[in-house]
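Heads up, the next two complexes both have chain A, just with different partners, chain B and then chain C.
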Partner chain A sequence: MNMDRRIVFILVALAVIIPMLLSVNLPVSVSEPTQKFYDYVESLPAGSTIMIGFDYGPSSLAELNPMAKALLKQCFDKDIRVIGMTLVVDAPTLVSALIQEVAAEKGAVEGEDYVFLGYRPGEIQVMLGIGTDIASVYDTDYNGTAISEIPMMQNITNYDQIDLLVDFASSDTVESWIIYANVQYNQKIAAGVTGVIIAQMFPYLQTGQLVGLLSGILGAAEYENLVGAPAKGMQWINVESFVHLLIVVLVIVGNITYFIHRSREA
Partner chain B sequence: MDLWSSIGIWVAAFLTLSIYSVLYRDNPFYRFAEHLFVGVSVGYGIVLSIYQGFIPFAWKPFTAAMTGESLTGFIKLIPIGIGLLFFARLSPRHTWLIRYPIAILIGFGSGIAIPNVLRANIFEQTRGTIEPFAAIYAGTLAGWGIFEAVLMVVGVVCTLIYFFFSTEHRGPVKWLSKVGIAFLMIGFGSAFGNTVMGRVALLIQRVDFLLSDWLHIIQ
Partner chain C sequence: MKRQVPLVLCFVFGIAMIFTRFSPHSVSQWIYEEVISWILIIGPFALVLATVTLIQTHTTRIRRRTEHWQYSLVVFAGLIIMVLIGVPFGPQNSIFEWLYNNVQLPMDATMFSLLAFFIASAAYRAFRARTFEASLLLLTAVVVMMGNVPIGDFIWNTIMSWSPWTDKVSEARQWILDNPNLSARRGIILGVSLGVISQSIRIILGIERSYLGGGD
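Our next item is the complex of A and B:
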């Protein structure tokens, strides 16, 4: 039996639009990797420094922006200083806007509470360069201000002054951070990644090479729940549940139809 | 909301609908949006690479050295010169010069990567697989934790046997490799499920944009 695939597209569209219009709220529990991530950040005292690698472009914004936003809120609430940077060429504009949006909401001051360094090419060279001297890779921040003139960077030279490195990634940058920053410089690392690459991240969590892990839009919803700032992640995971339900039903119906069709042919 | 923001939202909405229109059938709107995306992405990438890569790492040190502003900049002329050898490919007579930057890149890459990759992906992963048994021996791991530790070792060993091609897969080796296949299938299933979750999230984000920012139907 052949069904026009456009019917499936329409069903998926309805499964997204209807729950979104009805603002359905389903309970969200917190998984262990997300709890570990949250607990580690919570354990950092005020005045600590977190470096966040926003290593994703517009195509992964849907999954990673909500979790990045929730982490930024937690950091600014706890007076944790944030150094933002990216290894992805099309990320800087989006990241800069995201940090400024959250900073404005939380009253964080640029140069004192956070700094966005922008993009530099050469993934490995950037990771190793930060281990020696951040200023050797980023002589200015994204706005062009010299690193030496930024107040919060006065006592930050390399990984030694960074308490946690968080990588929000849609590609293999997490593995590179582990290989170069964790192995070479013993830097503590946590990650938030897209659903596509989450499966290959779990071994690093099990060995402790990652101190915490956020998994796609589910991880974002869980983190928003923990931070106490429900936003897009919580909204979207509810809608996501309906689409998953539809997919499960379609898979079951498809298999039943297939076996009925095969038995009739036999 | 200012005029430019409104124009931006309308353009984004038009391009979103144009891209999704391919689900009905291929059409000029889809092709226009697709080509525009490729062009804008490449152009944006080139400009940003020039301003955040070429200018701070090559042009500034080069001009500083040439004008005598910073003599230490002269040392950077060496990597700049080696990098320029990549362009030797444009001249058939000088193509051979490209071997030098490639050799340096491969040498640096291998030298820095091999020990770190071995430690991160082999030694640490092996430790992570064996360590739970030390905890079992010490009595700090019990119940479900013991089951997980045993399952992990069975999974690792059977999967490795599946990829062991130096002996014919017959008898016990065949059955162990079949168990390895089962673990692989579970892994692929998990990866596929997560991929579906990720792709659906992209759709949800675009629908959310259309319903909230563009049509103002939801908050």
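Our next item is the complex of A and C:
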């Protein structure tokens, strides 16, 4: 028996809409990779510097924006300076808005507590260039202010002054950061990635090349829990729960009908 | 000559960059930093190449009136409008931001959101326990899928409330990712890395020439 796929589509839509309307709130436990990520950031003293690569576009913002937001809140609360940048051409506008939103909420000052460098083409070239001199890649920030005129960048030249590099990614940029920033320059790296590429990341976590890892919406929800600021991640993981449950039920139904059909044929 | 020059350049720079990795000498490091600067300058030319290719492809479609050629006009409209606003006024221009936030962002997000519907439909049709291997894949997928969301542990903890074992679904998911998944991924990474090394040596030595185009 083959269910009309339009029925499946309607069921998925209902599995999204109903939990959203009912505001379901399931308990979320924290996984080890997320805890490691959080603990590493917590262990950094005030005045440390984190570089965040916002390497995702609008298609993945639902999964990655919540975790980026939670990390930014943690950084600004702890007086950790943030350098934002991106390797994705259609990311700057959404990243700039995200950083400004969190900065306004936490009272962080642009140029002193954070800077957003924007986008530069050439993934590997940018990674290697930052290793020699950030100003050789980014002569100005996203607003066009010269790097030499930005107060928080006065003592930051390359990876040597960056305590942690975090990559929020929807593609293979994490692996490139590991090859070019970690292996070549010994840069500590943590990552937050979409659910579809999470399986690729575990070898790097085990070797210690990643100090922590956030996995899709679940990772975002866990991190929001740890930071003590439940938001979109917590809301959406509850919605995602019901979609996953629906898919499992559909798979079970599909297999039952398959076996019934096969036994009739035999 | 047209082929010899790129081959010589590839050989010289390939050997030079390998050499800089193994020598901490100041001259070696100077060469490394200089070449990185060159790469930063050369890299953006790929954008020009990509834009020219895009224009050529869609111009041909419009000229030949191939199926759905009208969409190529939309491509040009998007390209021209964004370039005309973005290049002279910058990405922080209010019209550019409006177009990004109200056209590009929702369209991009919508396209990706549709995947949920197709994945659900595909899972219903394709996940069948036809063989032992398929059954194993099916079971693993179900455990990882349920371990990836809090409802998995919620159901487990409700059913197994009489026992001391809690959160076993997310633990099982973590075990699958940490063990079988990790082992398989590591094997793939090692295989790919060895392939990349051997291919790089072939390119540097001029044995592999397909990057020059035109066969040979």
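By definition in this document, the second predicted complex is superposed on the first by the 266 of 266 C-alpha atoms of A that agree within 3 Å, B and C clash if a C-alpha of one lies under 4 Å from a C-alpha of the other, contacts with A are read in each partner's own complex, and residues count from 1 in each chain.
The definition used in the following text is that contacts are C-beta pairs under 8 Å (C-beta built on N, C-alpha and C of every residue); 3 or more make two chains touch, one makes a residue touch a chain.
From a predicted model like this one, the values you see are computed outputs, not experimental measurements.
Undergrad: For A:I178 in the superposed arrangement: first (chain B), second (chain C), both or neither?
TA: The answer is first: A:I178 touches chain B but not chain C.
Undergrad: Just chain B (first), just chain C (second), both, or neither: which does A:V251 touch?
TA: second
Undergrad: Looking at A:I17 after the superposition, I want to know if it touches chain B, chain C, both of them or none. Which is it: first, second, both, neither?
TA: It touches chain B, and chain C stays clear.
Undergrad: For A:P151, using the defined touch cut-off, is the partner it touches chain B, chain C, both, or neither? Pick first, second, both or neither.
TA: neither
Undergrad: Classify the contacts of A:S241 with the two partner chains as first (chain B alone), second (chain C alone), both, or neither.
TA: A:S241 contacts chain C only, not chain B.
Undergrad: In the superposed arrangement, which partner chain does A:G129 touch: chain B (first), chain C (second), both, or neither?
TA: The second partner, chain C, only.
Undergrad: For A:G228, decide between first (touching chain B), second (touching chain C), both and neither.
TA: After superposition on chain A, A:G228 lies in contact with neither partner.
Undergrad: Should A:D90 be classified as contacting the first partner (chain B), the second (chain C), both, or neither?
TA: A:D90 contacts both chain B and chain C.
Undergrad: Contact-wise, after the overlay, does A:G47 reach chain B, chain C, both or neither (first, second, both, neither)?
TA: Once the two structures are laid over each other on A, A:G47 reaches no partner at all.
Undergrad: Same chain A residues contacting chain B and chain C, which ones?
TA: 9, 12-13, 16, 59, 61-62, 90, 92, 121-122, 124, 128, 195, 198-200, 203, 206, 215-216, 218, 240, 243-244, 247
Undergrad: What residues on chain A touch chain B, complex-wise?
TA: Contact set of chain A toward chain B: 6, 9, 12-13, 16-17, 20-21, 23, 59, 61-63, 89-90, 92, 118-122, 124, 128, 139-140, 175, 178-180, 182-184, 194-196, 198-200, 203, 206-209, 215-218, 232, 235-236, 239-240, 243-244, 247.
Undergrad: Could you please specify the touching residues of chain C with respect to chain A in the complex?
TA: Residues 33, 36-37, 39-40, 43-44, 46-47, 90-92, 96-97, 100-101, 104-106, 108-109, 111-113, 116-117, 119-121, 123-125, 127-129, 138, 141-142, 145-146, 148-154, 167, 170, 174, 177-178, 181-182, 185-186, 189 of chain C touch chain A in their complex.
Undergrad: Residue numbers of chain A touching chain C in their complex, please.
TA: So the residues of chain A touching chain C come out as 2-3, 5, 8-9, 11-13, 16, 26-29, 31-32, 57-62, 90, 92-94, 96, 121-122, 124-126, 128-129, 131-132, 136-137, 142-144, 195, 198-200, 202-203, 206, 215-216, 218, 221, 237-238, 240-248, 250-251, 253-255, 258.
Undergrad: Show which residues of chain B lie in contact with chain A when the two form their complex.
TA: 23-24, 41, 44-45, 48-49, 52-53, 56-57, 109, 112-113, 116-117, 119-121, 124-125, 127-128, 187, 190-191, 194-208, 211, 217-218
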